[in-house]
Amino acid sequence: MSVLSVAGLKKSFGDIVALDGVDLAVDKGEFFALLGPSASGKTTTLRTICGIERPDQGQVMYEGQDVTHAEVRGRDIAMVFQTFALYPHLSIFDNLAYPLRQNGVSRDEVNRRVGETAEMLRLTHTLDRKPGTASGGEQQRIAIGRALVRRPGLLLLDEPLTNLDAKLRNDTRAEFKRLHRELGMTIVFATPDELEALSMGQRIGLLTDGKIVQTGTPDELYTKPKNAYVASMVGSPRVNLINATRRGADAAPSVETPFMSAEKGPWADALKAFPMGSDLYFGFRPNDIQPIGDGQTPGGPSFTARVHLTEPLGDIVILDLEAGGAELKMVLPEEQAVRYSVGDDVPVFVRVENTHVFARDTGTAIR
Amino acid sequence: MSVLMSLFSRKERRLREAGWGWTLFAGIISLIYFFPVLWIIMTAFKTRADALATPPVFFFTPTLDNFVAVFYRVAQTGSGEAIGTGMGGFFFNSIFVASAGVFLALIIGTLASYGFSRYPLKGNDTYLFVVLTTRMLPPIIVIIPIFLMFRMAGLSGSYIGVILLYAAFNLPFSIWMMKSFFDELSPDVEDSARMDGSSEFGVFFKMCIPQLKAGLAATAVFAVILTWNEFLFALLLTSTDTRTVPVAMARTIGGEIGVEWGLLAAIITLFLIPVFGVTYLLQNHLLRGVTFGTIKK
Amino acid sequence: MKSKFSIASALAATVVAGALTVASAPAVSKDIVLNMAGPDWGPTRFLQEYFNKTYKAKSGNNVKLVFDFIPWPSFYDRVAASLTSGEKKYQMIISDSQWIGTFIEGGHFMKLNKYIDADPELQAIMKDIHPAMTENYSTYPHKSKNYYGFPQFPDTKVTWFRNDLFCHDGERADFKAKFNQVLPCSYDEWKNTDWDVWANVGKFFRRDKGAKLGDGVAEHDFYGVAYQAGKVGDFSSMQILAFIWQHGGDIWDEANAPNAQAEGVVNSAAAVKGFQHYLDILKYAPPVHKTGQMGIFAIQELFMQGKVGAIIDWAGVAPPALDPKVSKFADKTGFAMTPGLRKSDGSIDRTDNIGGQPFVLTTWNSEEVTKEALEVVKWWMSKDVQIEFSKNGGEPGLMSVMNMPEYNDFLPWNRAHAELLQYQKDVWHTPEMFEMLTQQQEEFDKAITGQKTAKEAMDAIAKFQQELLTEVGKIK
Amino acid sequence: MRDFWQWMFSPSRRGPMLIAPALIMLFVMNIFPLMWSFGLSFFHYKASSIRPPTFAGLYYYEKVLTDPVVWERMQTTALIVAMSVLLQLVIGFALAMMFEKKFPLRREILMLVLTPMMLSFVAVGVFFKLFYEPTFGLLSQAYSYFSGEPLTLLATQWGAVWGIVIADAWMWSPFVMLLVLAGLVSVPDYLYEAAEVDRASKWKRFTTVTFPYVRGLLLLALLFRTIETFKIFDVVYLITNGGPGTSTETIAVYVYRVAFQFFKTSQSSALSYILLFIVIVLTNLYLYFVKKRGEEG
Amino acid sequence: MSTIQVTNLTKRFGDMLAVSGVDLDVAAGEVLCLLGPSGCGKTTTLRMIAGLETTSDGEVRIAGKRVNEIAPSERDIAMVFQFYALYPSLTVAENLGFPLHHDKLPQAEIDNLVSEVARKLELTDVLHRLPGYLAEGEKQRVAVARAIIRDPNCFLFDEPLSRLDVELRQTMRGQIKEILDGLSKATVIVTHDQLEALTMADRIAVMRDGKIEQVASPHDIFTKPKNLFVAGFIGTPQMNLQEAVLTGFEGDKGTFQVADQTVAMAVDPAVQNLDSGSKVTLGIRPRAYDIIEEAAEDTFSAEVDLIEPMGAETLIHMMESGTDVRVVIDRTVRLEQGERVHMRCRPEQAHVFNTEGDRVFS
């Protein structure tokens, strides 16, 4: 049963349309990711859910009640802002205690719960200080602590990791997951980073231009993107999308690019419906393209590509390839990649079972 | 020794950081600039003969007579008794009227600027323009009507009248300045407090105000500087009991004797102390204040 | 306008109504407060202090005189604002003599004839007041029999001079040798001093720094004479008018309105000559005169600091000259009659402009308040109080006091002052006087600072007055 | 009651409710008196007279605008404003450049320069007049020390104008300095460093890095000070009283005379409104630049 | 020859030692990345090379010439600042042409150079704009273009990508690298992002607390970290660093007591010089583990605690005796939380660090 459902939310700020009909349903206890590029409406969606913004149209249902026009303070919802929005003039203890005191919790209870929360978030040693003196990671934990301390029914996190440095971000992802598992709380978080969405979200809603494009588990979004846009938003490095045309027999359609031709992909059946010569995108992940080893039989369509840049990332390397005028990326483990250097011609193949085909005009996946 | 060394050593290649050498340079220039004030302060400790000596004297035996004369004079009836000049009361009036006026302007102005910043109305610019225009008025235009209004309301000569007038006088400035500070505050904090269960009053008083202490201080400094020496309204709207120092000061520039140099200088010196102190304490906020928020980090 | 007025009244109504009910409730004990506006200086402080010490109302009422001491430089602004806005705050006001017309016509100052007529005591006082004062401080229109004010501090200009120089045998001999005139020292010698002598004094005592002066040498550049030449207020006019009158010139005669003329009278050849005479002597004064800032305090200061030998200044600002704390020559200062123009018969014309301040009652006072105020007037104008006042640096208004033999000993300038009173006239008292005075001061200043000739200045003054007075209907 | 408060402070009403007290106060204390005197400008009315006002239409506006005296005073004012504001900008800029650097005791030395702003007009006027006084004045004594002649600065029109301009500029340059300083400190270090690395000359560094950051604030200073200096009264009144002759009589002094000495209330109102119009034009310019500056940043 | 040599470079701020005895040698055409956590002194080092900071000790040589006493403007360097340092009042074209004014080139030539560099960095369309109106990525490209428009002795970059978002950062990494490859200048890039360093640098200098920990090629830094700090700092996800006790050494394999398990692993032969029973830290990268079906003497077993899908790969957090072991596996391998798995470290991928934290190697 959805604890939160949002239907047809629309909101404009002057001429700018922020939300253009957002629909969402979040289950109780779910860790839900709202993924979208900047200005896609993530923050506005969260702000509308917690009541800071009033939608122009649409409805917000929370625990079975229509709260679209309810006051902010009445809702049992907490939000962690991207900027953390800590109370700069209050000590960290008082920051954490604030929501409790506002709701008339007794002094002992405040002390106990703040202590507990601080303990959980490893903030105990900082409690006397002002938030301004805390490190980025601590500030973020304070913000979360302040949201958690009153055990809200729903926790909203607005880009919770954006203001952390790269290293901390990696560690914090796992922390969030553990926290969610321990508390079993319903959490909706917004992020522009697909890695965060994939790794933390149990389900992901992909938002763009004020609309939800696809909702699903990380696996679904990765393996079955609804369209080319979703495919390119999810997965890093970005999916290779090559201009292609439908060719082959009616019953055995193939996808042809200037330098290769593929058939028998998971899209084969669906492609039958498309007329010969239809414009398509042929999509495959950089991990699904492999060099053909000596004497190895390619496990899919093959071609020769020229390396024009290598980007070593430690144990993996991204190779920028060029074939038939198209640029594509290939990811290899470091030990394999050292064999190739810029300018080399490499015979490669694509794992056809993991490829996607999209109609070029609408971008819709053909599956 | 190290001080001397750094004076002559090649300067650190940090921009805008200069050593004692620059202190010396800036000190000399500033002292030249400050000289007229210094002269006034020196005059406060001079006898009349020293004050008007030709050539001017820079070294003299200081006297405190002028400071005594600020507060006491000899009775006119020739009985020789010392009579209070009431100057202590005028100092109190100045402090009371200026602080109350500024305080009131800050309260009303801060509320209004919060409104302007957080709940923009249609035609916001027009309201703000009107607000600013009232600050730019040549005061002479409104003196007579205000005088009349005050008489009708029974406010002339009372503290309330002057305080209200000073509040109104400082209001446009407070609104403009505080608005720029509010604009710099993140509304997230306020929304956060709302979500944490704060009422609107709580948001304003417990969240915004504590964060704006610095801004309030800067606005207060400017308002105090502008109010402290106000003369015209103070002259016309106060009576003997509520008169402020700038008005009372005028009695030293033409009675039986032209200018009572030492006495005037002593009053100026004493009167400078509070506003100087306030400015010094809040100096760091001043820079922020004058920019009217036009400089964003 | 009317409607706006009443809206404001309505707005304020509640507040005022509350205040009025309290204020106008019939008082059980008769507390009567007389608010009096006055400049903040000795003569007024004496009035307040002496009143507090000695005054007991005969009526048995508890009468309090509460002074609003306003600094001199702002005195006019404050009083004018109070009167014209209808503040009705003051029951009594110390008014400069020239203001009378403006505020009588504005309906602010109370005509006192019916009270005087009803009160023999007041009649006696009026009779005892020096006629120059009744004429200049009390009557309006000029030379009429309508009485409005009483002298609070009557003032005339007197000559202040340095005993040690003017009575120095060597200097006297030198002067005699040079000009074949007596360097005035004694009262009588000064009484016989005309502008020629005065000018020669200016010439004679112009000494450069280091030159011999009296028993010593001049420590600074030294000047012989100085008198008012300042644009502020009425400063230059007060001295220039004396010259004009003495030369037979005149100001526009308000008493003859609407038959008097400004043009041709104000800029008559005699008037121009008088002004030129003034300018000719002015060049012997210290250099500050070139800036048009040689006001009453500038010359006082120059005198007290020993930069000038003799000045013509108000008796009212003379007390400091006797105070060793502020004057370097407190023990060497003498006072005398002012110089004048020697007429063909050998007598000296000392016609001059009176100074000082009358005080008046205001029109909005209740009968009861007026009665008590008049009691205060009687107290003030009583001989005892006037004597006490004169002993403490004031000037009496009563002839009976001035005629007392010991009067001349109260203050060193008293003899000159009393004797000079007969020569005093005043500028116009009409409401237009401020405009006329301001413009006249500006024009005088232009001549003093060399921007115009005396003739050009006088012509401009006459033209302006003619136009202004024609516009208001005072000249046909 | 609770419902009432809820109605009053419902979200859509919060903005107006917050702004209302300020607007009411400004209306009562500024705008209402203003309208009052605006009304007077269309009537024949003398404050000193008991005669009831009669309608005059635009008579006084025509009278004021065709009065050569008014134009003369305007020119004098423009001259003083131009000279004083220019001087303030130059001195203020120079001082700001000096205080841009961080050096030991900067806070304390800065206070020396800020003090003139805190003095009353009486103090500045009276003491500067003393400094210019030919016999006792410091300035003329210093001058005569070198030339042997006393300096009678206030004897000529230009001298008197300079006398006023120096005093006014001395008093208010610190204000300009604060504004410029705020601009200067907002220039990020890295821009200076980049320009240095890019081998820009000192002049080029100033024009491309320093000046653009200060330009906006300099304009603000220019406009703000122009508007304020336009109202210059006290300093003129005290130092020259408009003399010699009428050569330094500013429009504010003139308005004062017309309103307070001649009691030509209607005429002074009309004149005031023409002044207000000029001020409003200047204010609009000021706002335009504030806005533009905001967009740039 | 445009080279940069830095010897014993030291910087003190009061009592604080910000940079201590740094030696660097950057050849012409070489890109050196200074990598380290914030506050490690890398920016100070760069600023000393640029001359924006005085040196407390040591020497900086640019193109073979000692420049310690020379002002930045005379060092003939080009620098990209962290905040880009675009002149706000100049258009993009004017910004680009700015560094050329010193050479008093004719305007036509400046225009040529500007349009050329603009083409190179795809800025042609925005040449007339003011920096305030540019997108973040464009600003960054302008900053780079302004640096490369002239022919300086060397290039200095201060955190050039830190203000870009993930996507742009990826693109710009490649772009900058390509541009730098074409110029044979000594280049120093300061960054705290290891991906930037790994992709762009010819050599990386890892700094900590004002000292250089290791200077080596990206490959060597990654595969042969000199000590625990470098090992832990480089690599995403972070290298697993597990406390262990060396219990023996046989053939090329050492046996280690890790938590409660005994694991034999192929390690550097130098490890056998350690005493048996020595405490060591085992460093194994998350991608160096293979999940295998059955336990063996060279496997380590742990319980799956958390699964983080990362797209093509999945990051598994294992819990064993309170330590978090991270393993990256292909997304096709499915594991369940709570499942116990065995994993084996690939040969030569296990690093041993002694108690001083230095890697033991021959």
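Here are some notes:
Order as written gives the chain letters A, B, C, D and E; numbering starts at 1 within each chain.
Going forward, contacts are C-beta pairs under 8 Å (C-beta built on N, C-alpha and C of every residue); 3 or more make two chains touch, one makes a residue touch a chain.
These numbers come from a predicted model, not from an experiment.
The fewest steps needed to get from chain D to chain E, moving only between touching chains, is 1.
Ranked by distance of CA centroids from chain E, the top chain is C. By C-beta pair count, the most extensively touching chains are B-D.
Averaging Cα atoms per chain gives one point for each, and the point farthest from that of chain A is the centre of C. In this assembly, the C-alpha centroid of chain B lies 16 Å from the C-alpha centroid of chain D.
Note: centroid distance chain C to chain E, computed from Cα atoms, is 91 Å. Mean C-alpha positions place chain B and chain E at a centre distance of 55 Å. Residue positions 8, 77, 81, 84-85, 220, 298, 301, 305 of chain C are each in touch with at least two other chains.
Among all residues of chain D, those that touch two or more other chains are 32, 36, 47, 135-136, 193, 297.
Counting partner chains per residue, chain B shows two or more touched chains at residues 52, 54, 143-144, 148-149, 249-250, 253, 259.
Residues 15-20, 22-23, 25-27, 29-31, 33-34, 36-37, 39-40, 52, 54-56, 108-109, 111-112, 114-116, 118-121, 127, 129-134, 136-146, 148-149, 164-165, 167-169, 171-172, 175, 200, 225, 228-229, 231, 246, 249-250, 253, 259, 261, 264, 268, 271-272, 275-276, 279-280, 283, 286-288, 290-292, 294-296 of chain B touch chain D in their complex. Contact residues of chain C toward chain D in the complex are 1, 4, 8, 77, 80-81, 83-85, 102-103, 105-107, 220-221, 231-232, 286-288, 290-293, 298, 301-302, 305, 307, 431, 434-435, 438, 442-443, 445-446, 448-452. Within the complex formed with chain E, the chain D residues making contact are 188, 190-191, 193-201, 204, 208-209, 211-213, 215, 296-297. Interface residues of chain E, counted against chain D in their complex, comprise 50, 52, 71-74, 76-79, 81-83, 85, 87-90, 98-99, 101-102, 132, 146. Remark: chain D residues 9, 14-19, 21-23, 25-26, 28-34, 36-37, 47, 95, 98-107, 109-123, 126-128, 130-131, 135-136, 138, 141, 145, 170, 175, 178-179, 181-183, 185-186, 189, 192-193, 216-217, 220, 227, 230-231, 233-234, 252, 255-256, 259, 265, 268-269, 272-273, 275-276, 279-280, 282-284, 287, 290, 293-294, 297 touch chain B in the complex.
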